[in-house]
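In what comes next, subunit A is part of two complexes: it sits with subunit B in the first one and with subunit C in the second one.
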Partner chain A sequence: MAALLQHPGYEEERLQRVAEQLPCREVQTGMLLSLMGQPHHYSYPSIFIYGHRASGKSHVMHVLLKELELPHATVSCVECVSVALLFEQVLLSFFGCDAASLLPRSASLSDFVRIYRQQCSQSPAKQTRYIVMEKAELLRDTDANLLPALLRLQELVEDNVTIILLSEIVWDKFRPNTGCFEPLLLHFPDYSKGELQKILSQDRPPSYSDEFYSSYINILLGVFYSVCRDLRELRHLAALNFSKFCEPLEEGKVKETDTHKLWRNIEPHLKKAMQTVYLREVSSVQWEQMQQMEEKENGALRGLSAHTHVELPYYSKFLLIAAYLASYNPARTDKRFFLKHHGKIKKTNFLKKNEKTSNHLLGPKPFPLDRLLAIFYSVVDSRVAPTASIFSQISSLVTLQLLTQVSHDDQLDAPKYKCAVSMDFICAISRTVNFEIVKYLYDFL
Partner chain B sequence: MSTSSVSKGCFVFKPSAKKKKTLSLADHFIHGCEGAENSEKRFKLCQDLWDQIKTDTEVLQDELNRNILDSLLDFTRKCTSTRQHSDWASQMRASEIPTAALVLGVNVPDHDMTFESLSDLLQQSVTPHVASVQAKECRALKHLMKRVLERLMGTAVTVDDEEEEEAEQTSAQLHKSVHCSLSTLCDWYNTKTKKSNTGTPGKKRSSPVRDGPQQPPVVIIFKDLEAFNPRVLQDFILICSRYIERLPLMFIFGIATSPSTIQHMLPHSVSSLLCIELFQSLSCTQHLATVIDKLILTKQFPFKLNGKVMQVLISIFLYHDFSVRKFIKGIQLALLEHFHSQPLSVLCCKKEEALLNVMQLDHLDLDRIRNLLSFKRYVEKQEPQEQVDLLTDDTHLKEVCQKLIKDLHKYHKNYYPILRCLHTLTSSLPRYPLGKQIRELHLICLEKNVWESEDYQSAMKLLKMLAKDELIALLQRCTEILQPAKSKKIKSALVQLEDMLAKFKQLDTVAAEPPPTVEDSITSPLKHLQKKTDLAQLQKTLLEMNESRRSKKLSPFEVLRNEALEFIDSLVKSHLSPPESQILNEVCYYASSATVRRHLNAIPRTSIQAALNSPFYYLQNDRLKTEDGTVSNAAPDICIVYKLHLECGRLINLYDWLEAYATVVSAAEGNDPDSDNFGKVDEVKHARFIRAVSELEFLGFIKSTKQKTDHVARLTWGGC
Partner chain C sequence: MSKRKIQEAHLPIGECITQVQEILRVRLCHQQLPDRPEGLETQHKHLLELLKRTAVHGESNSVLIVGPRGAGKTMLLKCVLRDLLEEKEAQKNLLQVHLNGLLQTDDRIALKEITRQLHLENVVGDKVFGSFAENLAFLLEALKKGDRSSSRPVLFVLDEFDLFAHHKNQTLLYNLLDVSQSAQAPVAVVGITCRLDVLELLEKRVKSRFSHRQIHLLSNPTFPQYLAQVRTQLSLPADFPDAQFAEDWNASVKTLVEDKSAVDVLQRHFNSSKDFRSMHMLLMLCLSRVSVAKPAVKPADLLEASRLCFSDAKANILHGLSVLELCLIIAMKHLNDVYEGEPFNLQMVHNEFKKFLQRKSNSMYNFEQPVIMKAFEHLQQLELIRPLDSSAARIQREYQLMRLMLDHSQIMEALQKYPQCPTDIKQWAMSAFS
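Moving on, here comes the complex of A and B:
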C-alpha cells in the first residue's frame, strides 16, 4: 500500500506517515499527489473534491498538507461571513499578519489580488501554495465573481497557487451560468463496510486488545450498517456502547475471546440504541445513566423527543387551537363549524370536496389575524375581552415558533400567520382544555 | 398634563430638563394622594413593605432555582474535568461541544433573573468567561459573533487592573478590524490562560475549585433558543466546532417550549457536533404556588388582597402569561394603590406600630373610620349608649380601635394555620371538592363562609369515610402545621388534636376486643343483592344498607373519627370566616379589583370605542351628554363619522357617508332644516369629513378597497 504513495520530490518517510494516517483512502491520496506533482512544480489551478459527509475529504487534505509541510491555507466558508474575512485568512497564513493588515476595510477581490501580487513579488513561491476551502457550496451565495476568480487565481496573481474546493455536492450545481474555468473533479466514494470496520478499529482504547475491539466493531456494524453508514455517527455509537460491551468482562464473567456471550449481552442495548440513531437525543453521559436506570426499572426510553409536552396559558391554548383550525380548514367552511344557525346545508352537498386531497397532506395554509380571532372567540367557552395581552400572546406564540408569521414583520395591517404545530401536539393541547378538535376539522368530517 | 386627544391612552411627554430632578418617588406618591396629612408616613410604610416583599421574593427565587443551577454548575465543572482527562471515552468525545439544554417554560420574561444568577454563579465558581446572548441582538451571524466576542473579552477587562491596558488594546484592535472571528478569541484565550498559568495571581476570586482546572471553559448562554434564526445558530455551531480543540467551549440553551425544538432547529450534521444534556426547571405553576405560600398565606405581611383582586391576579397568571414576575408586579401595584388611595392604610403595619398610629389619628381619620362599612355594622350591634360614644367620643373610639386592630391581627394569626390544616385534610380527597391547590381554598374562604358551601359538606362527608391510617396520617400532618403557631387558641387546639391522635393510637391496643356483629348485617343484604340486578334497585339496597349501618352502634373508631371531624369543623367555623366580616378589614385589605384589572389587563380597543361612542366620558363637556346612548350632533367629527359608519354594511359608500355627515353637522350648527342649503356640503365640511375619515382609517376601523369605486371597507363588524 505504501507503494502507491511513492512520489518523487517527497521524502519516503513522510509518505509512509501519511499512508498510515489515511487508511482506505490510498487511491485518492495517490491521485492527489500526482496532481500536485513535485513541490516546486506548477500544479493544476483548481481542484474540486466532492463526496458525502465523513468521507475523509478534509482529513485527507489536512494530513497531506501537514505531513508534507507544504505551504497552505485552510479556510472554512461558513466562517467567512464576509469575503474580506476569507482574503484575510489566506493572506495571513501565506504572508503573515503584516500582509493581512494591508487589506482595506471591506476589501474587494481586486484588493486581494493586488496585495497578493505585491506580497508574492517580495516572497515568490518556492513550492506550490495551496488554498483549501471547506464547505465550498457556500461560495455560491457570495458575490458572483468570487468563484470564477478563485478558480483561475493562479493566472490572476501569477503565482504557483492551487485552489482546492471541498464540497458535499457535485460540481454541476456550482457552475455559474456565465461559464468559468473548469476545475479538475475528484470524487471521494463512501467507505465500504470493510473499510468502515478497518477505520473504526483504529480507535482502539489502549487497555484492550486489537482483536477484542475489532470484534466489537464487527458486532456494531452488523447491527447498524443497514441504517447508518456515516462514519462520524458510527464512531459516536461505538464510543457510546463500548462500556456496556465491556461490562461482563470487567465483572469477570466472560473472557475476551468469548465473543458469543459478549454478543448476547450487548445485542439488546444496541437494538435500543437503534431507535435513536442520528437523533443524538441524549448526551453520551446521560445515555449511560439511562442505561443504568433501565436496568433497575424497565422504563421506556426517554430522549429529547419524548419531552414534547408544553405548558401554555389557558388562552394561549385556545389561540393555538384556533390557529390550527384556521390553518387546516378552508375558510368557506367556517360558517358551518362556528355558526350556531348555519342553516340547513346539506351534508352531502357540503361535503363535495372539490379539493380531493386532505388538507393535512397539503400542510398549513396562511390565515389573517381577523379570522384567527373570530374563531378564537367562538371556540373559547367564556366571554373574553379583547385585551392587550391576548394580542401579545399571539406574538409570543410566534416567538415560540408555534405559529409563524407569513407576512413581513413590517406589515402592521392585517398580518397573516400559519400554524406550525403537529396534529398530535394540538390534540394533546385540546385534551387538556376538553375541546374535541377532531369534530371541528374539515378533514375528519 | 393634558392632551387634546379624544381617546384615552398613553402619550409621550418629553420632560423638560428643569423639572426632572425636583420630583422624587415620594413626591409622586404624595401628589394627588387621598388624605394628604399622613401621606408621608404611608409612603414610608408602603416602601418598607415593598422592599421586604422584594427581597423575600428574590430569596425565594434563588432557593427555587438552586437545584437546577447547582446541577448546571456541576455539569460545567464535569465538562472541564473530562476535557483534561485523557482516558479513551473522553477522548472519543473531545470533538463534541458540551451543551446543556435548559427547559424553563413559556414564561420567557421570568427567565432573565434565572440567567442572571446562573451567569453570576458560573463566574464566581467555575469560569470567568461567560457570555449570554439574546436572539433579538443577533439577527445575523456577524452580530452574534460580535456580541460573543465583546462580552467575553469585555468581561475580562474588569477582572484585573494590570491586564486592563492590554485588554483595552485588544478591544481597540477589535473595533479597528472589521471582522471578528473565533481565531481572535482563541488567541485571546491562550494569552489569558497562559498568563494565569505562569503564576501571576491574577484572579481575585480564586475559589477552592479553581486549583483543578487550568483551562476554565468558555460558556456561551443562548437565552431564548426558539427566537434565534436557525441558520445563524447552525453556522455558529459549525464554526465553534472547528475551534473546539483549541478553545474549551460550552453552550447553554434556554428553551421555552420543549427540548425537541433542538431537533427542529438543527439538522443532524449540526446536532451531531453537540453533546446535549437535559435540565428541567420547576414549572411556573409550582413557582406561583410557592410564591403565594410565602407571600400571601402568611401573617408576616399586614397588607392583604381581597378575594376579587386575588382572583384577577391569578386569572391573569393562568389565562394569559404564566409570569410570576408579573404576578408580583400586580401585588406591587395593589400595594401602591392601597396606600395611595386609602388614608386609613396608615394602620396597615405591624401590630405595635399600628397601635401607636391609632393614637395619632386625627379627627378626620376617625370620621373615616366611622364611615367604614364594617365599622358601621359593628356599631349597629352595640348598646345605644355605646353607639353614641363611638360616634362622638374620639378618645373612646381610639381605644376601641386599638382593640379592634388587635382582634384583626389575632384573626390573621389563626386564619392561616387553620386554612393549611383544612387544605391538608381536603387536598387528597377524590375529585378535590375544595380544590387541589391551597390558593383555591383560600379564594373560597375569602369569598364567603366556607362551611356553608356544598363543596365543604361533600368534603366532610368524604372525610368521614377515611380509613384509620389515612386519617391518622392527615391529623398528624395537621399537628405539624399547628406546631409553630403561637396564638393561644391554636395552642389549645393543638393540645386537643394531639389528645385525639393519642386516642386513635390507643384504639390499636384496645382493638383486641371482638368486633361487633357487623358481618351479619352486611352479609344478609348481600344475599339480597345477588338476586337483584336492576341498577335502581341496587342503589336502593345500598342506601338501605348504609342507613342500617348508621343506625347500628358505631365502633369506637367511628365515634372518635366523628369527634375529630366535628372538632375540625368547629375550628373552621370559628377561624375561617371571610375577612369582610372582620371589623376594620378595609385597613388591610385592598379591594378594588377593577383598578388592578384595568392596569394589568388593558383593553385598548374597548377604550377607543368607548371614547368614540360617548365622548362625554373623556372630554367632560356637558353639551355632549345624551341620555339614550346616541351621539350628540355637537360631538367631535370623528365621533359622528364613527357613529354613521356603524350603520353601514361591509362596504361604505363615501358619498352617502359624506351626505349623512353634512346633515348631522348642519343640524348642530343650528341651521334651519327647511332652508335650501341645509345639509349642503361646503368645502369646510368636506375637509372636516375627509380628516375624520382618515382618522378612522388610522385607528383601524376602515380601509381603502379596490372592490368598488368610491367605497371603503369596514374592518369591524356589528353596529346598530
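Moving on, here comes the complex of A and C:
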C-alpha cells in the first residue's frame, strides 16, 4: 500500500513515511505530488484545495512539506488580523529574521513584494517555495487587492513560489468581480464510513484488541454517523466514551466478544452524549467526572442552557407570560382573549383565511409597553397597582435577555419590546403559577 | 564539413521525462514568452512602432492595452519590450518603470516606487515637495544627462490600470498623462487593463490628456487554430538533448490532437473559454500525469483533466454532508417550492422536517432541536445558506431569515450521487409537495 507513492526527485523511504502518516488519502497525496513535480521544477502559481472540515487538507500539506523538507511558510489567516503579520511570517520562513525586520511599520503589499524581490535576487530559489494559507476564506474580508495579488505572486516576484489556499468554502464565492488569476482547483472528498472506521481504529489504546475497539467504533458510528461526519468530533467522542464502554469488561460482567451486552450498556450513554457533550452543553471534564461517579450519586447533569432557567419573582413571571402573549398573538385578537365581555366576534373574520404560517414559525413580533401592561393587568388575578417596582421588573427582564428592547434608547415614552423565550420555557413557567397559557395562544385555537 | 559522425545523444528515460517536465512547466506555469505571439501580429507591430518612437525619437505617447483576462496582454507587452531592447539605442537610453495597481494602492506609494525604480533615492534624499506634480517634475529633471538637452525617455507601464483610476483625484494618472502631453520629457505611458469601459472611469481632465489610443486584444481564434495552439504548447523544441525521444513525443502529441475523444474534450473547453490561461491549466493537469511508466500524454489524461476542471464544487460539498444536514436541505427545497423562494428560518425548516417524520413512523431521525440547530449552523458556515440581512443583533437565532444558495437541480443531482442514501429520504425529495 505504501509503495503506491512514487515520484522521481524524492527519496522513496521518505515517500513511504509520508504514505504511512496519511491513511485513506493516497489519491490526493499522489495528485499533489505530481502537481508539485520535482523540487527544482516550476509549479502552477496558485492551487486552491477545498473540502469539508477535518478532511485532511492541512494535515496532508504539513506532512508532505515536512517529510520532504521543502521550503515552506504556513500561515493561518485567522491569526493574520493585519496583513503585515502575514508578510512577516512569509519572509521569516523563507529568508530569516533579517529580512523580516526590513519590513516597515505598517507594511503594504508593495513593500512586501519589493523586499521579497531583493531577497530572492540574493538567494534565488533552488527548490519551489510553498506558501500554505489555511482558512483562506478570511482573505475575502481583508483588502480587496490582497487575494488577486497573492494568486499571481509567482509573476509579481519572479521567483519559483507557489501559493496553496486551503478552505472549506468553494472557489465560486472567492472570485473578485473583475476577475483574477484562476488557481488550480483540487477537491479533498469526505471520508466514507469505512475510511472513518479505519482512521478511528488507529486511536486504539494498546491494551485492547483490534476487534474489540472496532466493535466500539462501529457502535459509535451507528449512533453519530447520521448526525456528524467530522473526524475531529468523532475522535473526541470516541476518546471520551471508551472508558464507559470498557466498564462492564473491567467489572467482569461480560466478555470481550459479548457485543450485545456491551451495546446495551453503551447506547443510552452515547445518546445522552449527543445531547450534552456533542452540543458543548457540558465540558469534556464534566463528562468524564460524571462517568466516574456512581450512578446513584449522579444527579442531573447541569448543561449550559440550564443556567438560563432562573427563578423569577411572582409578578415577573406574569409579566413574561404577558410579553409572550403580546408577541405571539396578533393585536386584533386581544379583545377576544382578554376582555371579560367581548361581544360577538365572528369566527370567520377572526381566523384569517390565507394565513399560511403560524406566528410560532415566524418569530416574536414587537409590541408597545402599553399593550404589555394591558395584557398583564388582565392576566394577573389579583389587583395590582402600577408602581415603579412593576416597571423595574420589566427592565430586569430585559437585562436577563428574556425580553429584548426593539426601540431605540432615546424613545422613553413608547418603548417597544419583543419576547425572547421559547415555548417550552414559557410553558414551564406558566405551570408554576397555574396559568394555562395554551388556551390564550392564537396559534393553538 | 566534418566527416565525423555526430554522436546521437540518448539519455535514460527518467532523465528525458525530467527534462520534458522542466521545459513544459516553464512554458505552462511560468508564462514563458513565445518567440512570436500567436494571432497578435498587428497589435505587436502597432505597439512596437509606438514604443520605438518614444525610445529612439523622443516622442511622448500614451496607449491602453485592453482585453479580457488571459488574453495575453502582459505577454504582448513583454514580447514588444524584448524586441525593442534589441535595438542598441533603445537599450542604451530607455528607462522602464513598472507599476501595478494591485501593489501600488496609493499615489504616495506609487511615487516612492517610481523614485526607487529610477534609482533616484539619493538624489531626492530628504526633500519635501509641495505637490505630486513638483515631485514628478523634479524626477524627470534629474534624469537629464550631462550634455543632453532633454532627459532620457521613460516608459511607464501601469498594470491593472483601472485600479489607478480609483485613487483619490486620480493624481498619478493626471500627472503622468500631463507629462506625456507637454514637452517636458519623452514619456510613454502604457496602461494594461481588463475592463473594456476603462475610459468611463477616467475624470474629464485625465481623459482629455489621454491620447485615446487603445489596442484591443479581442482575438477570436477558430477551433482549428485552438487545436494548433494546443499542439505547439505541448511540443518539444528542436534543441532537446535526446532527438529520438523528442521525435516520439511530438508524434504522440500529433496523434493526441487527432484523436476523436480528445478533440471532443478540447471542443468543450473551447466552447467555454478561449483564453490561453484555461488551456494552460488543462495541459498542466495532463502534464502532471506524465511519468516514467507512462512517457506520453494520452487522451485518457485529457479526459481526466477535463473532468477535474468541470466538476461542480457545490455538488462535491453536498456529497460530504451528514444525513441530518441533507434532510434539512431537502426540507428547505420543499419550502422553496411551496413558497416560491421566500426566505425561511430554522423553525420553518424544522417544522417541515417534522411533517416528514410524522408520515414515516421511524424515529431514527428524531433529533432534538439543539442538534438540528447545530446542523443548521454547519450549513451556514459552509455558506450553503445565507442570512438575509446581517443584522444579527435583535433576532433570535432560530428565527433569523435565510436563503438557500443551491439550485433545485444541484440538490437532485447530489442526491443521486450521495453514498448510501436512505430510500425514504430520496422518495421524500422526489415527492412534489410534502
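Rule of thumb we're sticking to: the second predicted complex is superposed on the first by the 295 of 445 C-alpha atoms of A that agree within 3 Å, B and C clash if a C-alpha of one lies under 4 Å from a C-alpha of the other, contacts with A are read in each partner's own complex, and residues count from 1 in each chain.
Everything below uses one rule, namely that a residue touches a chain if its C-beta (ideal position, glycine included) is under 8 Å from a C-beta of that chain, and two chains touch if they have at least 3 such contacts.
Since this is a predicted model, take the numbers as computed values, not measurements.
Asker: Counting only touches as set out at the top, which of subunit B and subunit C does A:Val310 meet: first, second, both, neither?
Answerer: Once the two structures are laid over each other on A, A:Val310 reaches subunit B alone.
Asker: Go through the superposed model and pick first if A:Lys126 touches only subunit B, second if only subunit C, both, or neither.
Answerer: Touch status of A:Lys126: no partner.
Asker: For A:Met274, select first, second, both or neither according to whether it touches subunit B, subunit C, the two together, or no partner.
Answerer: second
Asker: Please work out whether A:Arg264 is in contact with subunit B alone, subunit C alone, both, or neither, and reply first, second, both or neither.
Answerer: Touch partners of A:Arg264: none, neither subunit B nor subunit C.
Asker: With both complexes overlaid on chain A, does A:Gly363 touch subunit B (first), subunit C (second), both or neither?
Answerer: second
Asker: Identify the partner contact of A:Asp172: answer first if only subunit B is touched, second if only subunit C is, both if each is, neither if none is.
Answerer: Only subunit C; A:Asp172 stays clear of subunit B.
Asker: State whether A:Arg431 touches subunit B only (first), subunit C only (second), both chains, or neither.
Answerer: A:Arg431 sits against neither subunit B nor subunit C.
Asker: Looking at A:Gln393, would you say it contacts subunit B, subunit C, both, or neither? Reply first, second, both or neither.
Answerer: Once the two structures are laid over each other on A, A:Gln393 reaches subunit B alone.
Asker: Can you pull the subunit A residues that subunit B and subunit C both touch?
Answerer: Residues 278-279, 281, 305 of subunit A touch both subunit B and subunit C.
Asker: If you look only at subunit A, which of its residues touch subunit B in the complex?
Answerer: Subunit A residues touching subunit B: 53, 76, 78-79, 81-82, 84-85, 88-89, 105-106, 135, 203, 205-207, 232-233, 235-236, 238-239, 242-243, 278-286, 304-305, 307-316, 370, 385-390, 393, 396, 399-402, 413.
Asker: Write out the stretch or stretches of subunit C touching subunit A in their complex.
Answerer: Residue positions touching the partner: 14, 17-18, 21-22, 25-26, 28-31, 68-69, 74, 100-106, 109, 113, 116, 162-163, 194-195, 277-278, 281, 284-285, 288-289, 291-292, 308-309, 311, 313-314, 316-317, 319-324, 339, 345, 347-348, 351, 364-365, 367-368, 370-371, 374-375, 381-383, 394-396, 398-399, 419-420.
Asker: Mind listing the subunit A positions that touch subunit C in their complex?
Answerer: 7-9, 31, 34-35, 37-38, 40-45, 50-52, 55, 108-110, 113-114, 143, 145, 148-149, 154-156, 168-173, 178-182, 184-187, 189-190, 192-193, 225-229, 274-275, 278-279, 281, 305, 356-357, 360-364, 404, 406, 418, 420
Asker: In the complex of these two chains, what residues of subunit B are touching subunit A?
Answerer: Residues in contact with subunit A: 78, 88-89, 92-93, 96, 98-99, 101, 103, 105-106, 108, 135, 140-142, 145, 178-179, 181-182, 224, 226-227, 235, 238-239, 242, 256-264, 268-269, 271-272, 274-278, 280, 283-285, 316-322, 601-606, 700, 703, 715.
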